[in-house]
Amino acid sequence: MALGDILVINPNSNPEVTRGLDAAVAPLRFPGGPGVRCMTLAEGPFGVESQADGAAVVLPLRKLVTTSEAAAFVIACYSDPGLHVCREATAKPVFGIAESGVHAALQRADRFGVVAILERSIPNHVRQLRAQGLAARLAGERALELTVAELADEGRTWDKLLATAVALRDQDGAGAVVLGCAGMSRYRARLEAVLGMPVIDPTQAAVVQALGAVALADAG
Amino acid sequence: MALGDILVINPNSNPEVTRGLDAAVAPLRFPGGPGVRCMTLAEGPFGVESQADGAAVVLPLRKLVTTSEAAAFVIACYSDPGLHVCREATAKPVFGIAESGVHAALQRADRFGVVAILERSIPNHVRQLRAQGLAARLAGERALELTVAELADEGRTWDKLLATAVALRDQDGAGAVVLGCAGMSRYRARLEAVLGMPVIDPTQAAVVQALGAVALADAG
Amino acid sequence: MALGDILVINPNSNPEVTRGLDAAVAPLRFPGGPGVRCMTLAEGPFGVESQADGAAVVLPLRKLVTTSEAAAFVIACYSDPGLHVCREATAKPVFGIAESGVHAALQRADRFGVVAILERSIPNHVRQLRAQGLAARLAGERALELTVAELADEGRTWDKLLATAVALRDQDGAGAVVLGCAGMSRYRARLEAVLGMPVIDPTQAAVVQALGAVALADAG
Amino acid sequence: MALGDILVINPNSNPEVTRGLDAAVAPLRFPGGPGVRCMTLAEGPFGVESQADGAAVVLPLRKLVTTSEAAAFVIACYSDPGLHVCREATAKPVFGIAESGVHAALQRADRFGVVAILERSIPNHVRQLRAQGLAARLAGERALELTVAELADEGRTWDKLLATAVALRDQDGAGAVVLGCAGMSRYRARLEAVLGMPVIDPTQAAVVQALGAVALADAG
Amino acid sequence: MALGDILVINPNSNPEVTRGLDAAVAPLRFPGGPGVRCMTLAEGPFGVESQADGAAVVLPLRKLVTTSEAAAFVIACYSDPGLHVCREATAKPVFGIAESGVHAALQRADRFGVVAILERSIPNHVRQLRAQGLAARLAGERALELTVAELADEGRTWDKLLATAVALRDQDGAGAVVLGCAGMSRYRARLEAVLGMPVIDPTQAAVVQALGAVALADAG
Amino acid sequence: MALGDILVINPNSNPEVTRGLDAAVAPLRFPGGPGVRCMTLAEGPFGVESQADGAAVVLPLRKLVTTSEAAAFVIACYSDPGLHVCREATAKPVFGIAESGVHAALQRADRFGVVAILERSIPNHVRQLRAQGLAARLAGERALELTVAELADEGRTWDKLLATAVALRDQDGAGAVVLGCAGMSRYRARLEAVLGMPVIDPTQAAVVQALGAVALADAG
């Protein structure tokens, strides 16, 4: 019997982001392994940049996880919108990329750092870590503070990303770094090599968890 | 290029346990995915039942991870012996099954329970959770307190396992259960079905992490 | 100049609950003090009994706090739906009754207990306490587990409420009790007298905070 | 029936401070609301600047709360001297301004900062926060380090206060500020306007709690 | 040069208690070691049974530590009255028996239990543990609830003490027990033998610390 | 009857270090008190500078504590190698100098700092503090980062030690300092005098605990 599929949901309606997710998870598609499909949430805002944006996608996400035939779900936005509502709505595994990214980092280093896109999302991330009981191991979180336009400039993004990750390592004492966004996976391997310590793409981390859950559920 | 292998090390010298590990991780072997090899640590005691037993395998484990050609390692004993020593010794990913089992459970439920084999290992497990900063989400840990002879009786083990897991769920408030041993995976799916909540085999959880680390490292 | 009004929002669409809130806050209306208006959220479900119900009212609440002329807001549902989204949306003070109820209890006793309506909301309440960094002082939370029909029977509700609060005091060590619901204020004074320790109605606690915020803001 | 009075006790014997308290709580006196009286503790030292000074007022405070006819008490010194002794001595509500100030701030922002008068009181404040289980949300505490003479110079005090609060906001990440002293209320509104975030006068915060407790107790 | 003396202060005025302290510390008097003197605080109440009793001895204790020629001080009451005030007042080492008792227990076992005299002092003990940041390792605290008359009956006290300590060990998981009172040292060795785990007399624990501090200070 | 001896074990095989330990504990040898013997672990590495070095001495230490006739043991290496294994192996008291040093500091100041030798051991020290539930009171840990050759230069070591301790006091807020090494005791008294706050030599702190345990055990 074929294994069930993993559905990776981009909660914003920007198909460019979905394409990036698709590329990020490609190495986790194995012959005979679970399928990994990435989709754009039609009802989502173009970007999830506020808590209100996050709130707007909760019920569409809930509808999706209760009606989809997928075997497991990944909510691919670093604020984990709707994660607990979706878990309440289905017995199938649902993973949030922020949660999974942090748990992956905690299995590689004693303390981790997070690179956020925007300064103003940091308090919410910290509150979520406290809710998860994981705040004791946060070395620090620092924001790129780049506009969408600036993020389109890869050279500029890389320079800022590297400087931010170096500060997390050298000033805050991070032993691993989580990319706090669904769209930075293209820099992961290069950053890991330059920093000399693990760099976690959270979407990949969540898909890995989903992959295990699906493969093992089907194994009985 | 072929992906690197994952080496699952049974730190005790009981090949029966290694055979169980091998069966447990079988669903995580995919064509085109990382190989998963299980081996018995020749230098290990027949069972790791004390902290001294754990200490005895630290340097043999360290030697293994520094000389093996595997791409990632799993230390398959629920006290995670030598985990930090091995991480100090190699830049390759090293996973401990207790640590990975707990992190997997935390991505499925708010609070988790652990089924230990022996009452006397519980304080050490709790100390490790405190060291990891994760103790706030432990609902409870309860021991089977079965002798090795009794563990060989599957019916008796199942009855005790079920009763223990039910107590973790109904009296302690656990929303997921971790099997606190490298050798209970054969009961996982059945227990999950009966309990109606996620049951985590920690060896599988660690191999899932290793699988992700290997697949993504090689993906550049 | 007249002080601004406090708007108490019942996020469910049950006007009976709103009437109860109105009675609960009556003692906090002073001549020359802020007005306190209670309203029913038309878009709300008849009862907020799940996380999905809570999610459904977030954006309507946000719209309300950004368009209302009130000077401060109270979200009168013990899961504090939309609290952080509303705070993000307006610089005016927004209070959640669960948060305010707990903070009021913490100013009366070392450890507090919570009487929940439903067992299944307890994990979410505990997660919120962890997010607030307040979990260390929770003595316990216990649920009435009464159906809506049973809640309509005052004698039965009182008996269960009393037994639950006594258990929080005598078995869990609570020194104060928070009524974990927007609709139990009618039992507050009687329960406080029988228990011999403070009993907090969370809607009242939040309105008290709002009252202070409004009176002091206008005082310059 | 008339509501009971709130007695705000200045534990030092400086009547100038009491006059400042009286002005600070004026906006919380409503027709038909509880009376709010401010008094100077005759037995108090001229200033409470050490733990010994705090200890000296504990028993006089206890005597006051057990003999006064007031319905609720506020101990108006930011080290909360005698708070637990007074709570032990009377069933009437007793509030400490440090405790109430912090709880008010926690209902306005995720993390708060404190402006202390003296550097040397900070460790005691932090120990009290730990005792309250609230330390996780302290962004930082910084001292003005002004002498009594310098505090009399309003311009100088304002400049130092503003610089300190800005450092709490911009360097420590505070989302609200508590004025860690019974005598800075005159700067509250102005500081809040300039900072663009909530500033809490702790005496006002405690009187708000007392007001609620009195109004609701009398409401039965 | 002779080493300085350690002054053990019984803050209550009951000389019988002081005699018990004197017997308890006898094994810690070594030829050539610091002298250990026990004295009764004349100003103290006959027993320290409330927080008010504790408050009453703070300033007399402060006066003592600032005027005595002793080299180190032990405040021999399990609520550690005046500990921080005394530390503020002198640069000489001051130890509180509750604090020292707990620290000694934490060096013998992972989690400890406390035998209190009175149920009503438990919340204060717990608050002090939180203030010390040590609450995570408290297995439990249970009270004897014996009257003074009953405490005079050694057989009855022993029976209750044993039952309480057994409950701490078997139900709460304590690996060591602290006698939460200045007057139970006579039972320590016997209880330790029966329980099979460390039992700490807190006065002895504090005198041990003081002994080290004095011996090492004089050693330069 | 003579008291039992305390055995202080230097887990590395450098007899120079053992001689330093011997000098450090000399002030704790009293006529009639427990003997204090210092020995070099023959099986130890020349220095314990990594987690692997620590692991290598665990079983030799275990053998020692189970075969020695000493009444109590001190493991004199600041990473406390084998502490829990040794406690598992013998009912006699076993103390680790890092653990004892921290507990001694916590009885002298609210928050403590640690002077480490090497930057890379800091994460392990912090993990141990988390495991002990003591991390909340760590003000900071800073490393000397001196090579062995540089450590032999007393003037240079002193300068670096002083600068590091001053930073712990003035920048991190430490109220006491622990020397995070078994070999810095010769600087303790001088550093304490210059800093004006307690400086703890951890070997001395552990021997003090052992002294109390032996004296009291023998006292029955």
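A, B, C, D, E and F label the chains in the order they appear, each numbered from 1.
The definition used in the following text is that contacts are C-beta pairs under 8 Å (C-beta built on N, C-alpha and C of every residue); 3 or more make two chains touch, one makes a residue touch a chain.
The shown structure was predicted, so the numbers you read here are calculated from the model rather than taken from an experiment.
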Labels of chains that are neighbours to subunit D and to subunit E: C, F
Topological distance between subunit E and subunit F, in contact steps: 1
B-F compared against A-B, more contacting pairs: A-B
Centroid-based (C-alpha) most distant chain relative to subunit E: A
Intercentroid distance (Cα basis), subunit F paired with subunit A, Å: 43
Subunit A: positions in contact with at least two other chains: 127, 130, 132-133, 135-136
Touching pairs among all chains present in the structure: A-B, A-C, A-D, A-F, B-C, B-E, B-F, C-D, C-E, D-E, D-F, E-F
Touch list for subunit F against partner subunit E, complex: 26-28, 30-33, 93, 95, 99-100, 103-104, 106-108, 132-137, 188-189, 196, 198, 201, 204-205, 207-209, 211-212, 215-220
Interface residues, subunit B side, partner subunit E - complex: 122-123, 126-127, 130, 135
Complex interface listing, subunit B residues touching subunit C: 110-111, 136, 173, 175
Subunit F to subunit B touching residues, read off their complex: 50-52, 54-56, 58-59, 62, 82, 84-85, 88-89, 124, 127-128, 130-133
